[in-house]
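Two complexes follow with chain A in common, the first pairing it with chain B and the second with chain C.
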Partner chain A sequence: MNVRLYLWQRATAVVMAPLVVAHIAVIFYATRHGLSAADILARTHGSVAWAAFYGVFVLAVSIHASIGVRNILNEWLPLNERRIDACAVFFGLVLATLGLRAVAAVVLS
Partner chain B sequence: MSTQLIKHRGSPLWVAAMLHRISGLALAIFLPPHFLALGLALEGEARLDSFLRWSEQPLVKVSEIGLVFLFTVHLLGGLRILVIENFAWRDGQKQLATLAAALSAIVAFAFLVRVF
Partner chain C sequence: MNTELSVSLWRGAQDGHYETYRVPQRASQTVLDVVTFVQRHIDPTLSYRFACRVGVCGSCAMTVNGKPRWTCRTHVAKVAGDGTLEIGPLENLPVIKDLAADMAPFFDKWQHAKGAFAPTQTRHEPIAPIKPDTTARKAADAAIECINCGVCYAACDTVRWNADYLGPAALTRAWTLVNDERDGGNSARLQAIAGAGGCHACHSHQSCQELCPQALNPTAAIAALKRRTVAAYLKGEIAV
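Right after this comes the complex of A and B.
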């Protein structure tokens, strides 16, 4: 892993640490009476705060996870570096796209 | 592979590093279906609700408990790495790694009690 990727991975980890704690708290809160779409959407619909929270979370995790996957592919599979980079970028883009779509779904629906 | 490389694999800190890696990989694999599930809200509240009803199966709940454990252990393992890299070295890393795993197990157990 080069210095630039190392810094991105650590920076996104620092950004995500409090978000993960909050997300675990939300998981516990949301499951207190069982999950329902009405409860989830009542919390998130039209909320700029939740959109910002989960928007930042999705972008940070897309960067963090794609760098992590790149490291694992690099160390565990006999692929050349260009192919590994392409896989990591593709995975990061898939995560960001699906994640932002999910945020839009629960905030705008 | 040299015996020197294999010898340290019994170490709690090697196990902690591997657990951090495996938990990160598992979470990365989980994220796309998780996002797709939430995206069902685009098709209406009823569509998301029908998925949530499906997710009430015991096997899915057990998987969720595992995910809560992996999520927590990845967080705590990551915090330990950030502290090691950015602050003065502290002894007792094996104990800290064990504490992280134990705390994660407690959080996962609390989730188990909540969902069953």
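Right after this comes the complex of A and C.
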């Protein structure tokens, strides 16, 4: 890992830390108040705030995790750097696609 | 105390094997004493490396019961309570023969980390006055007693997994020079250690500082290098 990737991974960790706390608080709130899926979707539908919250969360996770996976592949598999980079980018794009699709589903549906 | 030790020594090169010897146990006996006994009284073809025998030269490090140690200052009583010893060459380095590892990759990485002092003055100029109590000088002094034994390098998981990783000793040396006000090589040095295989590859497992016979803390030096290279990168002083 070079200094640029290190910085991206640490910066996305800083972004994620408060978002994880808020996400867990939301889960506690939803379960303690017995909110149904319909109740939750009613709150998130059309909400720019929830779209921004989870959109940023998904992007930070995608960058952070793909750098981590790149590191693991580099240390554990005998692949050249170009292939490792391709695998890491692919993994990040899959996470971002799945995550943003989920965000769109709860905000736009 | 057992009267005899059961000592398994690595014999051969990379594809060698352990052979077991019986060695008399004595009071205040070091692991190097044991290896020397085998070479002088049982098998004179045994190869190993040592020089000073008093913990100064850093040449006698070996793997002792699974951990890298300086053998001249490691007492048998401390590491072989049950009377058995398994002694091999340092890990993470090619084996030359028996207990002698090839240290060339270790010192090559010192060069890659720009571990050589880059003078800013000549011998014809007066000696530079150095204040011993500045923050930078204290940081430089903290790691200056490294004896290049290779124990930290052999103990490092990241070195084992990543052949390009410079390793704790080379990076600690770099941190010493980064803090030496007489040195003029920091631009190239920070550039060298900010890339792949540099300080950011460290996972902070801390085996280096746990096993360093000089009680140095390479993990702290590497963490400091991470901060220093990030600052240099953000200022545009280095590029990757």
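Convention: the second predicted complex is superposed on the first by the 106 of 109 C-alpha atoms of A that agree within 3 Å, B and C clash if a C-alpha of one lies under 4 Å from a C-alpha of the other, contacts with A are read in each partner's own complex, and residues count from 1 in each chain.
In this section, a residue touches a chain if its C-beta (ideal position, glycine included) is under 8 Å from a C-beta of that chain, and two chains touch if they have at least 3 such contacts.
None of these values were measured; they are calculated from a predicted model.
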First (chain B), second (chain C), both or neither touched by A:Ala38 | first
Answer with first, second, both or neither: which of chain B and chain C does A:Val89 touch in the superposed model?
-> neither
Have a look at where A:Asn74 lands relative to chain B and chain C in the superposition and call it first, second, both or neither.
-> second
Partner with the higher number of touched chain A residues, chain C or chain B | B
Answer with first, second, both or neither: which of chain B and chain C does A:Ala22 touch in the superposed model?
-> neither
Of the two partner chains, chain B (first) and chain C (second), which one does A:Ala52 touch, if any: first, second, both, or neither?
-> neither
Classify the contacts of A:Ala13 with the two partner chains as first (chain B alone), second (chain C alone), both, or neither.
-> first
For A:Gly99, decide between first (touching chain B), second (touching chain C), both and neither.
-> first
In their shared complex, at which residues does chain C touch chain A?
-> 158, 161-162, 194-196, 198, 200-201, 226, 229-230, 233-234, 238, 240
Within their complex, chain A touches chain C through residues 1-7, 74-76, 81
Write out the stretch or stretches of chain A touching chain B in their complex.
-> 10, 13-14, 17, 20-21, 23-24, 27-28, 31-32, 34-38, 40-41, 58, 61, 65, 68-69, 72, 91, 94-95, 98-99, 101-102, 104-106, 109
Contact set on chain B toward chain A in their complex | 21, 24-25, 27-28, 31-32, 34-42, 44-46, 48-49, 52, 55-56, 68, 71-72, 75, 78-79, 81-82, 85, 107, 110-111, 114-115
